[in-house]
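The following blocks contain the structures, represented as structure tokens.
One chain, chain A, links the two complexes that follow: it is found with chain B in the first and with chain C in the second.
Here is the complex of A and B:
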């Protein structure tokens, strides 16, 4: 009797999570897939995908999404890694820094976008500080459509500020998982802090880096509120187009087509990460 | 390793974040005064008053003296509100929404589906309030039933910083400008100060800019005498060339401007045309620094867009008499004045504006009157009959502007390509011509 109960217990414990995923993720996902291939009058069609590919903003959105991904993800991983190593070195007051780094987690992405808009706009904090310090005579138009590098920089800075913390937390958790024996062994062999980081910490951190990369890449595909706030119409991105087609144009089929495209991209990216950073059995077991 | 205490605090922070996000989307229901025995409470759903302050004004001031059944005022973006109304209509039976407050154009698909009660009798009762007849006719959508009764109105006009007045081209009357003079004005400012001070509402953030309305209700009709039927005409090409010229003297950050009152207040721009509700803050804050004047005129006249917002009762209302009592309250001259004072929408009923009106509101009221009474003034309604395709239509218009003016693509190519998209939206919606395009038997044709 008791053995049987124990056999079912794990499944019972998994049930709420599975139900949650099914209800809020799987079912809407299937609905989106169906919406994307159903004609307005009913029946199967690829019209929505054709219309999506032929849309004015499509190629720009595609280019911008990938561009932001390439700029943001590596930068955030490096930043988060440095921050995680710093905090993990447990210098005096490291706890304080952890809290400070985690603050942006509590801010919605649109709010973060608006906050950074107040920094980068013509009469924003950045320009007034630079002017106040006498470094510039006229305000710099960072967010002008003529200044693509300016807009890109602003978005990368805002996104890094907003979403590095989530990577940081994953990496800190990963660092905590590394058994102390490895460090002791490294010390015995006379490895300095730098060599220890390269040869011990980074290889052992690979599983966490992998999850962080996957999560961060998925988020990067979904980025749009910050982009909307800072760049307006200058920089269409795929997720933003999905939103515009749903909310402004009220065409749920085309919005679903964009969502399916994003889903496909996400799956491809995840598979690539799993392959490239492939874990050996032993690491998974750990 | 992080100590347990820190970990706990961190978890708390996370939970707090989630809680904050969750709370931000739900507001406490608001009552409308004491609840006497007046029937079931109901929801008043509107696409207007989305800014939080305007919502609070609605709940605490506009509804303050209302003594009917409890009313829960909710507002959100057009898509959300229209989805909710149509969901209740499709579900049938009794819903929660008792009254809706929408823009004229937002009614059309719901009205066509017969989602609303006939308010003819209610409109008759309001006769003494002298609501303009053409507005009431607009609320009938070409049929016999009064789908909505007008609630309030708004329009768009030009606001200029007084610092810009010295650069006004010689011979130009600021109260009767032409688009050519506006361009010269912006050019003068740019030449003399080195700053591009004109602004277009081109932003796409939380409050997207209303550039499509300026194209639909101001530029196109003023230059071509139409919109759809003159979309690809030679007059249209001339208009786009002028807009490209104006763009040279336009602040390039315009692509981030949702509402123009903000860049006007920070003086990033000195000149701009926008919706009255999107200019009022700066006019209230600095009434002595600005002038508000009619929109410019083009070769075909001084066209301006009139935004009529109406009130209707869905057939699924939980409390019809309660809804009528609320409409009665909202149309009282006193309430209409409170609505003007607090949320800057103009009355539809015949009421004398008080002398102690806020200076900023006075500026707006004068501009509205000057614009409507100009010799060459002609009024354009919001697009009619596009229903659910209204969004695609607006986006097609905005994209036309962005491609030609911002991205500098060849005018004729863009007009042909975007014209096809505009035509698809109109044909899908089966919308007849409206406003300056005249009438048509089938869907309006892009020419």
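Here is the complex of A and C:
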């Protein structure tokens, strides 16, 4: 009787999570898949994908999404890594920095976008500071649709501010899992801070880097609220198009097609990371 | 490597305080160039901490450490000219055995050919040649420990620090490795600090042994000196198998008297009449016969080449090393004779030898 109960206990404990995932993720995902390949009058079709690919904004959205991904992800990983290594070196007051870095985690992405909008607009904090310091006469239009580098910079800054902290936390957790003797052995055997990082810390941090990259890349594909707040539709992105087609143009099929495209991209990226950064089997034999 | 060739180690009043314990209490110890110094003591007495202070992995709260003619107290480990075997091995899990052994040489930017040659030599010495391509996760604990030893041995650092480097090897391998390390030290006279709590290892390898207890050094000396003339009850009781026997009592008019015994003695230490004393005698200096101190046999353990006999003198159990054909049986009343010149007198209060 008891053995039986123990056999079922794990399943019972997993059940709420499974139900939650099924209800909120798996079912909508299947619905999206179906919506994307069903014609208005019923029956299988690829016309939504064709229409998506032919849309005026599609190539821009595609380009912008990839551009943001390429700009934001490496920047965030490097930033977070430097910050994590600094904090892990336990200098005086490192705890304070950890709290400061973690503040943006508590802010929703739309709020973050609006916050940075207040910095970058024509009469925003940045322009008034620059003018106040006498560095410029006229306000600079950072967010004008003619100023693509300006918009990009603003979005990259806002996104980095908002979402570097999550990468930082993952990396700090990873660093703390590495036994200190490995750092000590590296030091004793002649590696200075830099080579210690290259030869010992980074390789041992690979599992955490992998998680951080996967999470960040998925988020980057979904970048949307911050972009919307700062650039409106001057800067279409894939996730934004899905939203626009659903909410504004009321075409759920096309919105679903975008969503499926994003899902595909996410899966491809995840598989690549797992392959490239995964531990060799020999390293984890036990 | 540009380190001093002459590298004696000087430890002066070294103190290390952790949150709740003072792990090292003002230890001073001079280790000569090329000397093999063993730190011996029970678990938690501060052996590892002292070694880590010499390595620079712990920062001293007080005192000074010199290597050669340099004061290294505030120097980073990598600038001290040391190689080290960690008690926890600290073998890098993301590198093969080969890369682990060659790690220090690579960090010191040695030529490729030299690294390959030395790694091969080190692997050979520790029987790792067939395992060079493996990762640590694919090794047994003992093999991993040997990788840690090889990684330190291939360095030509003038100072070698080893923290229980053989603790995880089986008895046979350990005997072999002990001999190898000893031979190696004869060939290349590196100043070595060797931590162990195995007294046999300490006796057989050390030029000198420092016996530690609760963060202090109780006695430093050549192995036989420590064995024959322990400076305290603790040292006598820690070294030797079985440990030294102690009888508690006091001297009155040429007779040593204690709980349930009294026997005449001829060599009385000066000015001890009436004071609490300990008489320390080693098992091999006692003989069972019909002269000497009355005792009653309680246990006889045959151990192959000799028998270990436990006899009660008064109420104190005393271990005697007897010939294997000894005719004693439990409950026999016998007498124990001992060589007074080999006995040690100690103060019963402080445990210090008189």
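The criterion applied here is as follows: the second predicted complex is superposed on the first by the 268 of 286 C-alpha atoms of A that agree within 3 Å, B and C clash if a C-alpha of one lies under 4 Å from a C-alpha of the other, contacts with A are read in each partner's own complex, and residues count from 1 in each chain.
By our rule, a residue touches a chain if its C-beta (ideal position, glycine included) is under 8 Å from a C-beta of that chain, and two chains touch if they have at least 3 such contacts.
Predicted model only: the values in this text are computed from it and were never measured.
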Would you sort A:190 into first (chain B), second (chain C), both or neither based on which partner it touches?
-> second
Pick one for A:29: touches chain B only (first), chain C only (second), both, or neither.
-> neither
Could you look at A:218 and tell me whether it touches chain B, chain C, both or neither (first, second, both, neither)?
-> neither
Tell me which partner A:248 touches in the superposition: chain B (first), chain C (second), both or neither.
-> first
Scan A:77 for contacts with chain B and chain C and give back first, second, both or neither.
-> neither
Between chain B (first) and chain C (second), which does A:143 come into contact with in this model arrangement: first, second, both, or neither?
-> first
Look at A:181 in the shared chain and tell me whether it touches chain B only, chain C only, both, or neither; answer first, second, both or neither.
-> second
Among the partners chain B and chain C, which is in contact with a greater number of residues of chain A?
-> B
Overlap of chain C and chain B interfaces on chain A (superposed complexes) = none
Mind pulling up the chain C residues that touch chain A in the complex?
-> 55, 57, 76-78, 82-84, 86, 88, 90, 92-94, 103-104, 107-108, 134-135, 137-138, 151, 155
In the complex with chain B, residue positions of chain A that touch it = 56-57, 95, 98-99, 102, 105-108, 110, 113-114, 117, 121-123, 141, 143-147, 172, 176, 228-234, 240, 244, 246-251
Using the touch definition up top, name the residues of chain B that touch chain A in the complex.
-> 1-3, 6, 9-10, 13-14, 16-17, 20-21, 24, 77, 79, 82, 202-206, 208-209, 251-253, 255-257, 263, 266-268, 388-392, 394-395, 398-399, 402-403, 406, 417-418
What residues of chain A sit close enough to touch chain C in their complex?
-> 179, 181-182, 184-192, 195, 199-200, 203-204, 206, 280, 282-286
